[in-house]
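You will see chain A twice below: alongside chain B first, and alongside chain C after that.
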Partner chain A sequence: MESSENGRESNEGISVKEENILNFLDSVDGYLILMDSLSSTLRQGWLELASARHSMGASRINSTLFDLKLHPASTTLQVNDQSAAPDRELPHFTLCKWASSNNPEKYFEEAKFGEDELLKKSNSLRHRDISHNSEIQARSPESVGSPVTVDDQAEKERYKSLSMFGTLVSPKLRASQLSFETALEMLVEVSNMRASLLCAHDQVQKDMETATK
Partner chain B sequence: MANRVQIRTSNSALIAMIADEDTITGFLLAGVGNVDLRRKTNYLIVESKTTVKQIEDAFKEFTTREDIGIVLISQYVANMIRFLVDSYNKPIPGNFGDPV
Partner chain C sequence: MTFNIHGGYLEAIVRGYRSGLLTASDYNNLCQCETLEDIKMHLSATEYGPYLQNEPSPLHTTTIVEKCTLKLVDEYKHMLTQATEPLSTFLEYITYGHMIDNVVLIVTGTLHERDVQELLEKCHPLGMFDSIATLAVAQNMRELYRLVLVDTPLAPYFSECITSEDLDDMNIEIMRNTLYKAYLEDFYRFCQKLGGATAEIMSDILAFEADRRAVNITINSIGTELTRDDCRKLYSNFGLLYPYGHEELAVCEDIDQVRSVMEKYPPYQSIFSKLSYGESQMLDKAFYEEEVKRLCLAFEQQFHYGVFFAYMRLREQEIRNMMWISECVAQNQKSRVHDSVVFIF
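For the complex of A and B:
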């Protein structure tokens, strides 16, 4: 009886290990497929960008035109709060595309903590920021009140990003923007897949170490 | 996600980039560019005149900033600071290289 119970337990133990190995192999497979898709999407984006540069001219699409004025990112990440789910060890990223700027005051409040140190050094910088802040506050009630659809909001933010290269841009530049948006979504998926892959790898390694003991 | 209005919250994180001009341009078009009050950006454009020290400093800065969730680095740039990248083992910010 004992030997059959031990046999059953060892069979269950083997199946758990095999399951871990399968999980690891699945994660590797998923990761490689995602990386391949990401590679081709990035290539497409680069080609479209090169076409746009060819049609618009190199002087109209280059890094000197990047917006270096104070502005928050429209596309950000949400990182899972580990205290909310203590059994979750893996970080999990969620992409927030074209986030609304409906509450710019909150952004300035968060930045103000670091601003106080700079204010002592340069008063002129503070006056410029306060006037910029008051302009934003005057505009925000109008934008909150008006009915803006989700697509309109995303289009508005997309247009803002494109506008650093001028008002009239090549359709190839718009296509490139969409390709890089897709690439961004894939990147976040790759991040999450990589995290689960590393976790599965650690599990398999632990199983191997216990097997050798 | 495409059907909901995204509202920026206090636990939002940024995507930092250390890559060539075209890659940075593309991702800035996708809306990841951020400039703070100190005129600091969340990206570094690597050109022929960019030194290895500048890349290392940018990598160290991005991996210690609390508002950054992912650091994206081009493969050839990562090879220039391979020791630093391989020795980084924290989960957040996560970092990985472009496949090309």
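For the complex of A and C:
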């Protein structure tokens, strides 16, 4: 009787360890997919910027037009305090996009990606369980790689930030802005994913140390 | 009959310059380059060779564009110093567009608290004039005109945009487009006065330029604060689209509405037929291809000034091509190189 109970506990222990290893591998998988997406989004953004410069002319798109006047940041990064609730699975970093200092209500958007978009990048990888990773939620973007739907205020902030290049700018410049905005969201997601990955790695290490004792 | 007395030598010179434009095989070689050093090596066998040979590594895309532009400037200055009236005035007209761009660059950069010296380095050499640095002290358009531009060839174009309003991003944009509109109309009238083959060829090229500007202003203003009336005021008062096409363009709210307006005009049907619905990315290339066709046709006739304008514009297109190829090579995106390269021959 005791031996069967011990056997059951041992089996449960092994399945928990296997689950931790799977969590870790899942995190690595998610991290690598995100890094690949980030790289391709940045490449797209840079090429679109070159295309905008080709279309509008080098005198209209160049670094000497950057505005050096002091102005509030249109996007900020919020670092969540993990010490308050260490047991909860919360994102460590959150992006506050297109927050205007003139508007007392900040536009709070979490940088999240639909899992389908990430999986499009690598069909050969195993499908990950959505319920397991609560940080990734499905959304319906307007197009592949574009940010979530924003209201008019955010659109105004977008145009305002591009106005240093002029008020009538090419659609290519706006596309470039969207690509870099998407890349910024991805960066935050990469940071959160890295935090999960390190947490899963620590868990696996602990399990290995326990097993060797 | 008497054209060759004053213009024959320079027409021969510009036709000689034209034969130095890069060919399709040059572009094929450039598109296969792996690095900017390879591009420099291929260009060393062309007329750009002497301008790039002393540039140290690592090369930047902006360096390639600057040196190629220097070649164009040297050729232009050679022609201008040899020209007599009215060809000298015609050649000066070609640079007024760059002058407007430089004025707007200095004013915008000053508004953004940039150093004047830094801005001057980014100005196009063909658009430089003596008092350009003084633009930085102006607070509004009235001062801009009174302190600096009154003594420049752009002075007559300022009558429509002199206000005491402070310079901000929207006013600067309206100023840019108003100046360019006035310049195009003035250039058009000047060519009409010259008459003959110059008037015939330049009318066609400038009308196309005016129509293209109208389309670009319309597309770029979609979703902005620019009102329909303000938009209409920025269109030139000539061209195939004037006046009914302008009325329809001013009320367009997306690219598909612009397409439905433009497809009513046969010369522009072929341009928009190359684009899929809702897409505007390839519109620039389609317009550039049409422009190059018209510019090359200018060389089919003799004894007119249109060849000078056509040559300058073809060189600028060549420089744009090299800029794009350099960017694709530098960013390791060679698969996209044919997105924006327009072959001239």
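Basically, the second predicted complex is superposed on the first by the 157 of 213 C-alpha atoms of A that agree within 3 Å, B and C clash if a C-alpha of one lies under 4 Å from a C-alpha of the other, contacts with A are read in each partner's own complex, and residues count from 1 in each chain.
By our rule, a contact is a pair of C-beta atoms (placed from the backbone, for glycine too) under 8 Å apart; a residue touches a chain by one contact, two chains touch by 3 or more.
Keep in mind that what you see is a predicted model, and the values were worked out from it rather than measured.
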{"item": "Partners on chain A (chain B, chain C) - clash or fit", "value": "fit"}
{"item": "Which of chain B and chain C A:Met35 touches, first, second, both or neither", "value": "first"}
{"item": "Chain B versus chain C as contact partner of A:Phe66, first or second or both or neither", "value": "both"}
{"item": "Partner chain(s) touched by A:Ala195 [first = chain B, second = chain C, both, neither]", "value": "first"}
{"item": "Which of chain B and chain C A:Pro171 touches, first, second, both or neither", "value": "second"}
{"item": "Which superposed partner A:Thr75 touches (first chain B, second chain C, both, neither)", "value": "first"}
{"item": "First, second, both or neither for A:Trp46, with chain B first and chain C second", "value": "both"}
{"item": "Which of chain B and chain C A:Gly57 touches, first, second, both or neither", "value": "second"}
{"item": "Contacts of A:Met186 with chain B and chain C, given as first, second, both or neither", "value": "neither"}
{"item": "Smallest distance from any CA atom of chain C to any CA atom of chain B, in Å, after fitting", "value": "8"}
{"item": "Contacts on chain A seen with chain B and repeated with chain C across the two complexes", "value": "43, 46, 50, 62, 66-69, 164"}
{"item": "In the complex, chain B residues that touch chain A", "value": "1-15, 21-39, 41-42, 45, 69-70, 72, 91-92, 94, 96, 98-100"}
{"item": "Chain A - residues contacting chain B, complex", "value": "35-36, 38-39, 42-43, 45-46, 49-50, 61-63, 66-79, 81, 90-91, 93-103, 106-107, 110-111, 114-115, 118, 129, 150, 153-154, 157-158, 161-162, 164, 173, 176-177, 179-181, 183-184, 187-188, 190-191, 194-195"}
{"item": "Partner chain A, residues of chain C touching it in the complex", "value": "62, 65, 101-102, 104-105, 108-109, 112-114, 118-119, 121-124, 169-170, 172-173, 176-177, 216-217, 219-221, 223-226, 280-281, 284, 320, 323-324, 327-328, 331, 333, 336, 339-340"}
{"item": "Of chain A, residues touching chain C in the complex", "value": "43, 46-47, 50-51, 53-55, 57-60, 62, 64-69, 155, 159, 163-164, 166-172, 175"}
